[in-house]
Structure formats: structure tokens, C-alpha cells
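Each chain carries a letter (A, B and C) given by its place in the written order, and its residues are counted from 1.
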Amino acid sequence: MIPELGHLALILALLLAIAQAGFPLAGSLTGNRPWMTMARPLAYGQLAFVAIAFAALVQAFLASDFSVLYVAQNSNSLLPDIYKISAVWGGHEGSLLLWALMMAGWGAAVAAFSRNLPLPVVARVIAVMGMVAIGFLLFMLLTSNPFERLFPVPPEGRDLNPLLQDFGLAIHPPMLYMGYVGFSVAFAFALAALIGGKLDAAWARWSRPWTTVAWVFLTIGIALGSWWAYYELGWGGWWFWDPVENASLMPWLVGTALIHSLAVTEKRAAFKSWTVLLAISAFSLSLLGTFLVRSGVLTSVHAFATDPERGLFILLFLCLVIGGSLALYAWRAPEVSEGGRFDLLSRESGLLLNNLLFVAFTVLVLFGTLAPLIYEAFNLGKISVGFPWFNKMFLALAPFLALLLGIGPATRWKHDEPWRLTKTLWIALALSIGMLALASLPAISGGDQWVPIGIALAAWLLFSHLTLVRERLKHKHGSWRQAMLADFSGNGRSFYGMVVAHLGVAMFIVGVTMVSNHEIEKDLRMSPGDSHEMAGYRFEFLGAQKVNGPNYRADQGHFIVYRGQRQIAELFPEKRSYLGGGMPMTEAAIDAGFFRDVYVSLGEAVGGGDWALRLYYKPYVRWIWLGAGLMALGGAIAVSDRRYRTARARRTAPTEAVAAKA
Amino acid sequence: MKARQKRLVLVGLALIGVAGATTLALSALQSNISYFFSPSQVMASEHPSDAVFRVGGVVVPETVARQADGLTVRFDVTDNAAVVPVSYTGILPDLFSEGQGVVAKGRIGTDGVFYAEEVLAKHDESYMPPEVADTLQTAHIDGIIEQTTESLKQ
Amino acid sequence: MSKSLRFLVPLIIFGALVILLMIGLGKDPTKVPSPLIGKPVPEFSLPALTDPERRVEDEDLQGEISLVNVWASWCVSCRQEHQALMALSKNSDFQIVGINWKDDAQDAREVLRMTGNPYAMNGHDPDNKVGLHWGVYGAPETFVVDRQGIIRYKHIGPITREVWEKTLEPLVAKLKAEG
């Protein structure tokens, strides 16, 4: 009964979404106010019904209702409750429902937090979001109904893929989808502006916080995915350039370009049509990623069970959404004025270069991801693009981006003088060159050219941003700390957010540089009692024994790690066999540290109590995710800037006044 | 410089950048792609003799043999028409097992053995690499789950 | 390039991308026919599931149109198609032959006892010996074999009403007409 209610709720949500796409838009074009005011209630209503459907599916999982096909395929009565909930989005249908829930949630959030926007703008934005929601709800109802019943009812479910039975992966998809779907807000604002023909600084100011929030979620989502792959796949890698990873990276890259170009559009009213194109592209790439993951056109380690019928539907949907918006762009964008002029040496130029580098990298990633498809389309054979290619492309662009990142924020809008810039940054430059020399010493670089480059670039980012902070506080009163606190609670949040995010980039660079060049990985066979020395650590293998988990059995190895004579960690890597699927899985054991991880992963028993296993030493690997965390934190700080808060305060005031009158 | 000239400089720089990136990307691609061949194609010597390529198929049951060093594994891969012997040193992926699909990446030795640098058995049990599916002209639907019910009863 | 043409570039690029993706979809591996199509069924001999004394062999597929259905008790999608098979088993134009694949005989018999047996005969292939020769990768899969014992079609995944009406039924009718 409850699953049928869920199904019904989805159908009602679809009807509301259709109304949401139609009336407000029609109202905004004909000036019909009542129709426009329908936007908000419809958005709330759609959220309510999608939430009911989602709750119904959660209930089916918690109650282990295996008469629902999707539950039978993705859950098991032995599954711990927390994973029963995360199993809701462990498969195609449920993750689509989660996507729809978030879509409706963002729509309702726009409805709730846009009281100070002109009604026609709100109506258009919500209508565009309704159109996208129609696509997802229809897709679900027509090809991927999560509430489909199964008869006869199986006594037991097939279990959730053991790889997904993990905290990191339980929250990775929601974060990622929040990011993907969040870009739909920027997309909707862009389309609303194109429809209304009014592209101005106000438009950029409205869509900026939304875009940044979506970007923060996407950043966290991608970082979680990378962290999960690192500890759960047992291969010790943190990024594989897998099509699914690329699918999430592309919207992130364009999204990053977008938040920077929005800054120009807001501050200088320049790059307007370019910003709109980026807003369309960021969401389009999110949709394209979905298509690539779910249609089966590309092979990937995380691919959902694929189905060409679904692929065709998504492709059609892509054509309508992306094709439609790009056609609208081609029609309306030529009317947009050019905006503020700027010199070759100016903040605008720097941000333009930033945008070009990000877009260039996106194009390369897209090309590398689709290359197998291109080769096949032209009958050139079946190929795969190795990750060294992606690494090369990254290394070809990233250093320029990092160099620019130190200069750009120090540059003035519109026009700057080379000598002024040099005067500001020379100390930072000198210190970075010093770091370059220091890191070139064989003891630090290990003879690799990239280590000094990476360290020097990170140092450049650190010192140039410290310079910026110093410059900003130079003319303020009081001590450094007081000034900074006052600035922070005043108008400085977006500045400090930027500094934090950019320092996150520096941290990320250090992590990537160190782990890529200094990691050690060794496959070997060990007998109980054996020891192995690696990077100054001694791994002692005490043997393996059988252990039982709630829904798996495992062989558990026992290792003691020594640094010199001192015992620093005891590690228990496991080789698990899940009862529901009989699928084996490696659970690596990691001793995590700020400066290094040591990592043991069991291969297989090779007789006589011996095991084939893999040892890793991963210096600075945490810095990769901490860096990403800082970037997200920076975004969050920037969003809390006073400009956005006062906007909210201003709009709550009149409402209260109205309420008081009533 | 006039505004128009500056714009031209910017556009010119961008074009040079794009052209450079494209050349770089394409030339690097040539050395980083690996072609896929089925065991039948390998037997018919369609594969390159000096380059890394991938071979995929099903691991023939009862051919997986661990060598004396404990880390090297030998096994045969088939597409139901031809068989290629494969040698790999290292830890095999979790989902590697007899009768299952694998893709190995490496090069063929003068002894006719395929020396793999990398062995992939994808980490979703309901997933089949399409190359393998193509080779066998079949795809995988419901998971290669063995004796689910039996293990549950125990 | 005129100014307004410049804004068409993204749309054109997207169009090219869509064409590429269409080709990619068309090349979907599950749509590619099996190499066994048009070839005689591989020789095999399996113990019958319900009666280990009897054997199910390739010769059993001669002289009658057969649907060879690969199934297992652990396979959720097989349960899904079981009802369809039950309905089809009333049709006398063809016989349904089961290959019980990678399964425990006890469990498989239990499923047939509980939900009905649509199969004219069932071979038990617990260790994928026959499945390997048929190129079986997962369950369920269904092969259509004509009266001469030639494999004419392979369906991957459960048989639904749609699959039956659109592909299998016309094919069976054609094979029947071939005589």
C-alpha cells in the first residue's frame, strides 16, 4: 500500500511540476500576476509530494519490503539500518528519486529565499526549474519506477553492493547530487535572464550565492568520492580519471569558472553573455554526466546497470534542455551589451585567463572521456585512454593556473600598473623562489623535477595571499587580530572566503605533488612472523584469522607497524565475503596521519598461512582532501558575506511590517 | 593600444593557446591509448607486437595457477573461440575468479604469453565490461552471484 | 564571422556531441547478436534437475522449436519472468527447456515446487560447464532454437510481455512457418 502511495505522490508531483513550468512563465510573459504568484506554492507542493514518495521508499527499505523490486535488488534483511537508508540511493531508480527530491528542494529554497527579487524573475526561475523537474519525474515514472512490485515475493533481498556499505559512500551521492542539481539554479537564473532579456549586475548578484553553494556541495561530494575510492577500493589511488569521476569533475571545472566570471559580471558588468553560457554549461555537463553514467555508452567502474532505453530517454531530455537553452542563448545573447572595458593588465584579464584555462581543461577531460566513443564511431577500434594522458593534460595546465592564482587577486579591476603589482608581490615571489631552491635539494625532491615546482607553486599561493591579507589590513585600526576580526564580521567575508579557498588549492598542490612523487607501493608475499621495511616503517605480519561481521565473513590480517623501535600502529586489513552476494571485498587498513598514511591491503591466501598483500606509504595524501575541504569552507564563508545577509534582512523587514499590520 | 587592438591581442593569445593545447593533447593521446583485442584476434596476430594493448574474455576454469614466488599468477583467457595465456605478477582484483570476465592490459611476449601490467575485473558485480560482453557477444544481467540462498541459510 | 553567428557555436558543438552519443547508444553491447546465432547448439549433456537419472542433451532440441532459458533460484529477475514463462508453457508451438545455472539443485527444485514448473525439461549446470559453451554471462538469458537445433536468437534479461510480443512471438511464428 505504501509503495503505491509513493508512486501516486510521484505522479502528483509531476502534475504540479507541469503547472509550475507553465503558469508562472506564461504569467511573466503576459503580465498576469496571479499566475506568477502561483510559482512559490507550486514549488513547495512539488517538494512535499516528492518528499512523500521518498519517505515511502525509505519506509519500504526499513521494513525490508521485498515485494518492491528495487528493495529486493538493493537491500537485505541482514543489512544494518543505516545502510538500509543509504541503500535507498544505492541503485539507479532510488538515486534518481534522490535527485528529484533535491531538485524539488532547490526549487522550494529559491521560492523561500527570493523575497527581494522582482516577481517576474522569481516566476521565470521557478518555471525553468519546474521544466527540469518534469524531465526527471517523467524519466523516473516511464523508465525507472522505484516502486515497481515483484511477484512472487522473494524471501530475501539481493543485498546492497558491499562497496556501498560504507559511511563515506552513504553521503557521497547526496553531496554530489546537491552540487549537480544546485547548478540548475544558476541555469534557471541564466535562462530567466535570457527570457526576460535583462542581463545585468543584479542578475549576477542574485545567482552568485546559489552557484557558490552548489559548488561547495559538489566540491565536498567529489572529495568524498575520492577519499572513498582511496580507502575502500584497496588500490591506494585517489583519482582514476574514470568516466564517472570525469563526469563529476567537468561540472566542477565549469562551475569554478562560473563563480569567477560571475564576480566580474557583478562587479564590472562585463563577460555577461559568457557567464550565461557558463551557467548553461555547468548544468548541461551535470546532465551529460548522468547520461554517460546511466546509458551505458561508456564503461566505468561505477556504472549503474545500464539500459539503452533509459539512455535514449536521457539523450532526448538532454537535447530538449541543453539544445533548447543553447538555442535560446543563440537567439537572445547577441542583444546583450558588451559591458565594462578593461585593460590587458587588470583583474578582468586575469579572470578571463582563469576561465579560459578551466574551460580548456574541461574540454580536454570531455575529449579524453569521449575518445573511446569517437574512435568507435569512426571504426578506428576499441580503445581506452590511459590515465597518464589525463595526468599530462593536468600538468600542462595546472602550473599556469597556480601562477595566475597568485597574481590575479592582487591585480586591480579595470587597469593596473606592472610596477605596482611587482612592488606588492616581490616579497612573495622571492620567498617562493627560495622555496624552489630549497625543494630542489635532492634530499627533498628525490631527484624529481615536479616536487620543487609543486612546492614552489604552493608557497607562491601561500605568500601572495598572505600579502593580500596584509595589504587589506594595513590601513585598518588596532592590532592585526582585532582588525581581522572586525573585517571578518564586517564586509570581509567574501575576501576571506576567497583566501581560504585559494589556500586550499595550495594545500591540494602539496598533497598531489608529494603523494604522486614520493609514494611507495609494494606487492609481496608474507608468512606469519615476517617483517618488511619500507620508508622507515617496519611492517610485521602476525598472521590472519577468520572473523564474522553482521552480514559478512572475513579473513582478518594482523599487522604491527614500527617506526624504529617504537610501535606506532596496529592494522587489521580484511578480505571480506558478503553473505548476500557472495562477493569478495578488500577492506584496507590505514594508519592515517597529517603527514603520511601507511596502508595495508590483503590480496589472497597463498597457502600455509601466507598471504599475498600490498603495502603502501602515502606521504601528505590527506592534504588532497583537506585542501578540497578548505576550498569548500572558503565557498561557505564567501556565501555568508554581509551583502547576501543584508539582502535577506532587507527583505524580511517589509514582510514583518506586513505581518504586523495584519 | 586601442581597445580593439587589445581585444585582438587577447583573442590571438587565446587562439594560440587553443591550437597549442590541441596539438599537445592529440600527440599525447597517440602514445596513451591502448587498443582492445579479443583472444581470437590475438591468435590471428592482429595485435601490435611492440605496443601495450588490452585483451579481454573469460578466465578459463581450472587454469589459474600461482607460481612458486606466490605473487605471479598464470591463467588462460578465452572468448569461446581462442585462448590466450596470461601472466600477471601482483595482487589480483577482488572480483577476479574463474569463469568470470576480465580485461588485462600489457604486452605479448615472444613466448606467446600475454604479460599483464594490470588486470581489471570491474568492482560492481552487476557490471560487465562491454568489451568483454562484446567479445562473448553477451552481456551480463543479474549478477554473477553464486549460491546466494545457500550462503544465507548457513 | 558575424556577431550573431558566434553565439550559435555552442549549439553546433552540442549538436555534434549528440550525434556522437547517438552512435554510442546504437553500439550498445547488449544489442549485438551472439556469435552463436545461426550456429547449431553446442553439444551438451546435463543431468536433469528433477530426475538425476535422466539427461538433457542437445538432441532434445531437435525436431521442435525450443526456448532455452538460463535461470537460477538466486536470480531476482528470473522470478520476475517466471510468471511469463508459466503462461508461455501452455503454448504448444514450442517447448521451454531450462538450464539451471550455477545453482543448488535443492533450491531450484523448491522454486519449481512453489511457483510451478514451466519447463519441459531442465538441465542442471551447477558449475557453468555448459553455460560457458553457450556464452552465458548472467541469468536470465533465453535462446530461441529452431527445429534443426540452430540457435536463432538470444535474449538477455527477463522476458516481459513487451519482449515477448515485439520480438520473440513473431520469431516463433516465423520459425513455425519455416516448418
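Here is the rule we go by: a residue touches a chain if its C-beta (ideal position, glycine included) is under 8 Å from a C-beta of that chain, and two chains touch if they have at least 3 such contacts.
Because the structure is predicted, anything quoted here is derived from the model rather than measured.
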item	value
Chain located farthest away, centre of chain A as origin (C-alpha)	C
Of A-B and A-C, whichever chain pair has more C-beta contact pairs	A-B
Intercentroid distance (Cα basis), chain B paired with chain A, Å	27
Centre-to-centre distance between chain C and chain A (centres being mean Cα positions), rounded to whole Å	40
Junction residues of chain C - those touching two or more other chains	29-30, 76
Per-residue overlap in chain B, given as positions that touch at least 2 other chains	130, 134, 143, 145-149
In chain A, residues with contacts to at least two other chains	158, 296
Sites on chain B touched by chain C in the complex	58, 61, 80-81, 99, 101, 128, 130, 133-134, 136-150
Sites on chain C touched by chain A in the complex	3-4, 6-8, 10-11, 14-15, 17-18, 20-25, 27-31, 76, 79-80, 82-83, 114-115
Chain A - residues contacting chain C, complex	69, 72-73, 150-152, 154, 158, 273, 277, 280-281, 284, 288, 291, 295-298, 306, 308, 311-312, 315, 318-319, 322-323, 326-327, 329-330, 333-334, 370, 373-374, 376-377
Of chain A, residues touching chain B in the complex	156, 158, 161, 163, 233-234, 296, 299, 301-303, 305, 341, 343-344, 349, 352, 356, 360, 364, 367-368, 371, 375, 381-386, 388-389, 392-393, 396-397, 523-525, 579-586, 601, 603-604, 606, 610, 612-614
Residues of chain C touching chain B in the complex	29-30, 32-36, 73-78, 102-104, 107, 127-128, 132-133, 135-141, 154, 156-158
